[in-house]
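Taking it in order: structure first as structure tokens, then the write-up.
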Amino acid sequence: MESENWKPNFTIRFNSTQTPSKELGSSRIIMAAIEILDLEKSYLVGFWRKRPKLALRPLRLTVEEGEVFGFLGPNGAGKTTTLKLLMGLVFPTAGTARILGKELDDPAVKSQIGFLPEQPYFYDHLTARELLNYYGQLSGVPAKGRAARVEQMLERVGLSGSASVQLRKFSKGMLQRVGLAQAILHDPKLVFLDEPMSGLDPMGRREVRDLIQQLRSEGKTVFFSTHILSDAEALCDRVAVIHQGELRGVGAVADLTSGTQGKIEIIFYAAKVPAGLTALGAVARISGDMVNAVLPEEQQDAALELLRRERLKLISLAPVRNSLEEYYIQRLQPTDVEKEDEEDEARNEENRKGVGV
Amino acid sequence: MNSRVGYIAFNTFREAVRDRVLYNLIAFALLLSGAAILVGEISIDIERLVVVNLGLTAVSLFGVIIAIFIGIGLVSKEIEKRTLYTVLSRPVRRWEFVVGKFFGLTGTLVVNTVCMALGVFLALLYVSHKFEKMDQWVLVALYFIVLQFFIVCALALFFSSFSTPLMSAVFTFALFVIGSLAEDLRGFARITHGLGGWLATGIAYLVPNFSALNVISQVAHGDPVAGRLILYNTAYALLYSAMAISGAVLIFQRRNLK
Amino acid sequence: MKMSATGRVNLAALAVLFFSLAGAMTTLYAMDRTRREPVAQDELYISSPRVLRRMSLGYTGLLADIYWTRAVQYFGVQHHSGSGDFRLLAPLLEVTTELDPKLLPAYEFGANFLAPKPPSGAGLPGAALSLMKYGIEHNPDQWRLYYNLGFLYYTEFKDYAKAAEVFKQGAALPVTNEFMPILAARMAQHAGEFDTARMLWVTTYQSTKEPRIRQNAVEHLLALQVDEEVKQLEHVVERYRQQTGRLPENMGDLERAGFIHGTPADPKGNAYQLMSDGRIEVQNPKILYFITKGLPPGASPPQPPREKSGS
């Protein structure tokens, strides 16, 4: 079931279906921006007898250059762990990863990536401008033009007015904006964003969406984690679903949402649901002065006939498409392996109790 | 030295200054001027002694306290507040971070000590109305105090690379106390025999030797400090700090930043 | 072999670690070598026991132990250096017992090493006396304190009446030593100096575990034996002279006259020497500490050597 969503893990491959290149005709070399090769992480937990707890099962994933890639999963699924592994903040128990074709601890990698941690926090006593300048220095942004670049970034995230205020006086949303600014400050090729929309008001979310769109149009690769599906659906080329430290599926958003379910949705003006409609197998609900009904595709003609007879005004008729949400929910169902694991765990627990008594 | 170390050091210094670390100078100034005025009125002939003893002891203790309390937080605070994430996701190596932090902290302490040293000399001028040739040894004592800060900072950084701030403070302070008695300890080791003697000698040589760096009472009496001691102390402090810092780097290189 | 960036940093850090460790230790060693003499703890920063007691914030027990250790260490270091300077022994013991008046080893140490003259002690019998009195005040049921006090009266002050009184008090305690009543009686009669002294040192030897004090007692017992033997031999020489009208030329003369059997030797195994003027001398006075007889004319009693150093 999952295998259809797996993509081969070639570092370099000829891609004929996506974005055909003008220079090379129908085929073009696409570099993998991120290659995760069986990256695995477990932490030791417990006070007396430390036992390893798996935070991330061996993860294999490739993100291509120029993609906006969504990393989906509920809280605690292992999204942040994966990002920390890629940033070199924690070290894998097993496996490796490559970013832009280089090892993780290669210093050359870091100048080409930007990172926004979850709920970012910065030096309290610096102003936004000083912070960005400091980060610019650390990222090797040349002194000449650094100040201008900092102002430009402040402008871009809408913080020009508060550039000289110390960060301890910033709200959560403002810190998130500073975080975005520092992530793209040095014009990285690849941007990692951990929950970029959290803590933002609707306007701020809109701005972040626009920013990600802009990055895409500039040809950057964006890898962002989120548990908000509408953001992912609106922005991502591809998504991966992770749950309990395990990759549950990868796919292109367009593919996932392109299929129909053999159902149609009709919306029409009516005070109540017409009696004959339920007989056609429709699930209907009333919203205001409209009725919204979903029914099998083959009943389309019969339904329209019914409406004409009842002299009801049709507003819309459309096939029901797959939503990302359905895909996501489906992927979160426990797999067989996991059920076994849980049983094992329960057995172990009992054994331990047995020993204790 | 690479430039990122410098940037990190400067930022550490700036943070410390904005965190009102230098406010201790006010307490120091009050203490010293109060003492200078007081001894000027009540005692004869020992004004200089009291000013040097009190001034240098205060410089040393204030500095050690600052070194410990900032030093232990340098790494752990950045991990706790996750400021480290955005630093280490840049082309900054972990060793650069540790070394930068070290220089930032010692830089802060050097600035602090220079200010305090000015205060000590002003107080000396106030009580004896002129500078004497033996006052140069006060400068040497101040230099030794700065060397002492190097070691304390490095130790604080070392302990905080793997331990909680509280435990780091305890460890560092304990080593400061033990190290201040280091020469007694080595004297004791010399008269102990057998396995205990080996152990005592090992420990006596491993703990930082702060006692040789403390020449306060000597210079208070205007006694000179041997040139060879200056040389040895300089070499020792630099080597010991380098040792602690490289230990910190080795541990920090492996550390998972949860 | 190609090495990862992290590996290179680790290797460099490890190299710095070892280099600086070795360097720091070498510097320290060099620093110690240039010093003229080992640093002794010749500072007693706070000499008022009462102030210290207040400063201890109630943790007097631990502080007393620290001061007690310091006192022993101080004595050891000073003894080792042979300087005979024990200025701080009295204040250190005073502080120790003020902090913990029940620390009996401190009194015992004081009784044995405060009173004797330098270089085997601090030469402060008065300080030893007041320390013992303080000790008895706080530990009235400890016979050893009475014993030590009586010992001091007898050896340092030659005050037999006081010594007898103190031994008697000690003998009356529920827990005491079998020699205590005998010592009290001896003091009263002034009889048998040799036996009394011998009994005192034997009691000291038997009632302590402190090796320094035991060794001291053993040396005193040996010296007593030498003194007694020399006295007896000289007595024999005198009798020979009275019988024959002349001094014996050698030990053989005495043996042939039937006064002695074999060649008499001192406890260290060296034969006693008969001098031309009829005196008896020990062969090697340097290894018989504390002897008062059998010495060359004008020679002062030998003193125990410095303790052996580790090398």
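Letters A, B and C mark the chains as written, and numbering starts fresh at 1 in each.
Throughout what follows, a contact is a pair of C-beta atoms (placed from the backbone, for glycine too) under 8 Å apart; a residue touches a chain by one contact, two chains touch by 3 or more.
Keep in mind that this is a model prediction, so the values were computed, not measured.
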{"item": "Topology of the chain contact graph, where touching chains are joined (line, ring, star, complete, other)", "value": "complete"}
{"item": "Winner on C-beta contact pairs when A-C is weighed against B-C", "value": "B-C"}
{"item": "Length of the line joining the C-alpha centres of chain A and chain B, rounded to whole Å", "value": "49"}
{"item": "Chain A and chain C, separation of their C-alpha mean positions in angstrom", "value": "84"}
{"item": "CA centroid of chain B to CA centroid of chain C, Å", "value": "44"}
{"item": "Sequence positions of chain A contacting 2 or more other chains", "value": "107"}
{"item": "Sequence positions of chain C contacting 2 or more other chains", "value": "5-6"}
{"item": "Overlap residues in chain B, where contacts from two or more other chains coincide", "value": "93"}
{"item": "Chain B to chain C touching residues, read off their complex", "value": "93-95, 183-184, 186-188, 190-191, 193, 197, 205, 209, 212, 228-229, 232-233, 235-236, 239-240, 242-243, 245-247, 249-250, 253"}
{"item": "Complex interface listing, chain A residues touching chain B", "value": "43, 84, 87-91, 107-108, 110-111, 113-115, 117, 119-123, 125-126, 130, 134-135, 137-140, 166, 179, 182, 186, 192"}
{"item": "Residues on chain C engaged by chain B in the complex (per definition of touch)", "value": "5-6, 9-10, 13-14, 16-17, 19-21, 23-25, 27-32, 34, 38-41, 73, 76-77, 80, 309-310"}
{"item": "Residue numbers on chain B that touch chain A, as the complex places them", "value": "3-4, 7-8, 11, 14-15, 18-19, 81-93, 254, 256-258"}
{"item": "Touching residues (chain side chain C, partner chain A) in the complex", "value": "4-6"}
